[in-house]
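Data first, discussion second: the structure below is written as structure tokens.
Going in written order, the chains are labelled A, B, C and D, and every chain counts its residues from 1.
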């Protein structure tokens, strides 16, 4: 838990950390194989590919086929890590993930890169804003969105250690570091990155850093804020949420995703079954974004520390 | 609103009502065209197809292509109704729906048949339990799951009258009739099928009839229950939910869907922003079902009046 | 593994048909047409000495893989697996009932001998590529067989996989297309023709063979020719008749996905056994049990 | 509509390249390689008298449809649309900035002249079929053109659409494959070969033509031959060079998705204009403005 004032220190992009961790896995375990669909240099699976060409398959622009191949590989005892942009891996490979990974609960790991709108200039077609909704609609999948290089590295190793399907969302831009290494990382267990008692901000991905900045500004205004890095959306950390609801009584949930089906939905459905509480949501809503510089987009579409502060003030008033 | 005691009267399957309504639309508007992907006799799009062969395209087992074609047809001024099993239309056509219908907000209507596990014997591969999560992750889409032939007929006409993309879930088995014709049907406006003040059951599809039966049994035990047919999941009826929360203070949400991303998630996220309240969920959870007779499956996987009664009793105690 | 005489294989195919139809009739639900058309293909693979496998050790790493991509035809596969001893053959009669392992479509991890969960058409060939690649990586010499429906080949994923397998020169992969000329809503030729199929697969760099899919000897020969082919995968276009073996189901696509009534079942069984219902059981026990004992065990 | 002299078309293609590169450099983001390779294809369509359209009435129901399925090449299309008057040509310089209509990939309904939202590869041909069918239903005689990337043709949906268009005998549909032999991560031949492409499309019942995709006259002739073809769609395999027109971008896939630096842009512009940066503007204004005035207006 960060006790001192949070000063954002820019680290590597989580996709870059993914590539490095995958390479390390490859060194340790020769059953680890990687497949990409013509985005190996963007997803950083190439970091693995150039060291292990015989265990790396860049199969071209065939996302559905990629998932099916992973299913066969896993069935024959391999540990396939497949990667593409999140938008393509999930939206084009969904039925294959459903039948070939989720239903048989196979050991398939899916890395969806370029999550969120912070990928910037390429625009809507490449921005994944629905991947969490889709991945959570795959029973048995672990769904995880690490915030920084430290937690991404831990998540890749946890994914390899877990027997079953895992989805990891990777980000394009360099990400502020919010965790200290070595990190005690477990799927399904939130990390409290700041404590407080008037409000809880639940966030993942890039928005954890934004949440920390927002929390400091709220603290300056006398609002004591807890910040949970909820890296794992499924399974959700019911205990951490229940405790936060009892102890702080109000929530902001912040994520780079559509309103529907993301972390916000999961937190709301969880609290409704334990300790219901008011929640303000910071997300994209029910729309697509556009092309632009990452920061311009995050500002225009309201996924920043500012937006979190505004949401927090309104929900604290409601409580 | 049904005032007398509810005695389930079995009507047609909603997919059958879909076919008839589509035929009627075809008679009124020659811009209505239909496409199916080799399931025309199961989705009942064939009812339209045999009357309007020149406006009907059974393109074979190519769901992605089907969606793309619909996108082109809509762009050239047609009103395409496309149908398949919900599992295939959404899981295999998702990226095409995203880029070709949702993003350009085109006039594409999607009928996903064989929703839920009540399709029975064919088993998991044909059972759509994630379609609502996926459809709601398509910004601008209306997502609607009618309960009976009366509301399905109304929904098809409403879909044609609406300019923009619509998803309708159709069911395989004959469905109990819960509404009287003519029905005052508007997308996004819940229908109160029974009033009460101790609890609200929010349901759609086949579970509306189950909710009514559950409500009567709860009434016999002195619990006064409101039942909302929440046929439209997106946009959700915020007013009806807020009022119900103020007036009844507790909810059961019942649907034939995974826990994640369906009606339950939407209700929870909505109430968290208005009047937070305890909710008990009746759904499939985070798993797939299996083959079996529809009633056997609904019982085994807990989506029946019994399950609703149990859930209701627990949530009323919590309140 | 040597192949038993053709007459014995023909008798086994009849037995598998009987199992499949009885199970579908008992379930009052299922797909007779595409089960019957694949009977000789499945017989050749499981009883003709083609598949190297061990029913007592379904996970034997060197086993050949079999994937029924057209998953709705699974009753004929359950019949073969049951007769081969993967599970008690009578279990087939619980087809499609709640709590049964005999699911409506194949389910990996639930039913012994099932290698892939299928039923959403178009996926099996990609999964087969995964197995083939894994075999290559591990230096194992197993082969992978995938049965596709002709209608199924309208799915784009089949062509992604075909392209990939061709380019990867996966000569351990063999696709058999059950070319029965019908899909769910009617004739393939009317709905979305696949002709010229030979040229299509050839242009995706496959070795293509065509056989009469009900001539079990011919199917066997094609499967063995595929084994001998080097540097490219083989596609066997097996010309079949949907509903084969039952007069009122042949060329009648009504039975694509409809169970026979009790009465229809009796007629069908009589046809399959030259009029003697009792003969079915006798024939089956002799034919298949005999075979099971005489086939050499693979060494896992 | 008569075609202007070849020299004029060549000069227009150069102008479009200049626009595209300037915009990409200004955005410091975008895809130069696949924009440059498609310059003559787009020029032939928009300036060679092929496309019947009306920039002042983008929704004219009888217009020919153009879909850039390989959406990442959109800068070259914006250049053509701008020069054709769909929007002020200078707007291209706002490429990829927030609040601009010049999105990173084509967006239908936002940018005048854009017929489909693409960028997720593989979808354009299906959309084209929808337009072609709509035209048939309404008795309109417009044509639909779809530009595909060669790498893009690895997507199964392309083959679903190819099968469907072939069977539906959509002779108003024309696909042009920008056969530049590279995709994002490297050479198509190394990653997932599409050869033999001619045989593939032929076996899906298409008329197949091959041309030098930088010989604008040859492209024009192929497009006109496609118009004359009856009973089947035409696929034009346009052999191109990725990055064409700029020495350090040709055959260098580094510029698939990387913007040139300011310095590189200057070198590129100089090469495109025989060393005279000023000449670009002059040439452009003359070439394209002149053409715009002289082309007969279609009657909507």
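To be clear about the criterion, contacts are C-beta pairs under 8 Å (C-beta built on N, C-alpha and C of every residue); 3 or more make two chains touch, one makes a residue touch a chain.
Nothing here was measured: the structure is a model prediction, and the numbers come from that model.
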| item | value |
| --- | --- |
| Chain whose average C-alpha position is farthest from chain B's own | D |
| CA centroid of chain A to CA centroid of chain B, Å | 30 |
| Averaged-CA centre spacing for the pair chain C and chain A, given as whole angstrom | 42 |
| CA centroid of chain C to CA centroid of chain D, Å | 46 |
| Where chain A and chain D are represented by their mean Cα positions, the distance between them in whole Å | 37 |
| Contacts with two or more other chains, residues of chain C listed in rising order | 107, 117-120, 122, 154-157, 160, 163-164, 192 |
| Contacts with 2+ other chains: residues of chain A | 59-60, 62, 64-65, 87-88, 91-92, 95, 98-99, 103, 124-125 |
| Topology of the chain contact graph, where touching chains are joined (line, ring, star, complete, other) | complete |
| Residue ranges of chain B in contact with chain A within the complex | 87-88, 91-92, 94-95, 98-99, 102-103, 124-125, 130, 133-134, 136-140, 234, 251, 258-261, 264-266, 268-269, 271-273, 276-281, 286-288 |
| Chain D to chain A touching residues, read off their complex | 27, 29-30, 71, 96-100, 102-105, 107, 117-122, 151-152, 154-156, 183-186, 188, 191-192 |
| Footprint of chain B on chain D - complex, ascending | 61, 65, 107-109, 115-120, 122-135, 137-138, 156-157, 160-161, 163-164 |
| Touch list for chain B against partner chain C, complex | 36, 38-42, 46, 58-62, 64-65, 87-88, 91-92, 120-126, 290-293, 296-297, 300 |
| Residues of chain B that touch chain D when the two form their complex | 33, 54-55, 57, 59-60, 62, 64-65, 67-78, 80, 95-96, 98-100, 103-105 |
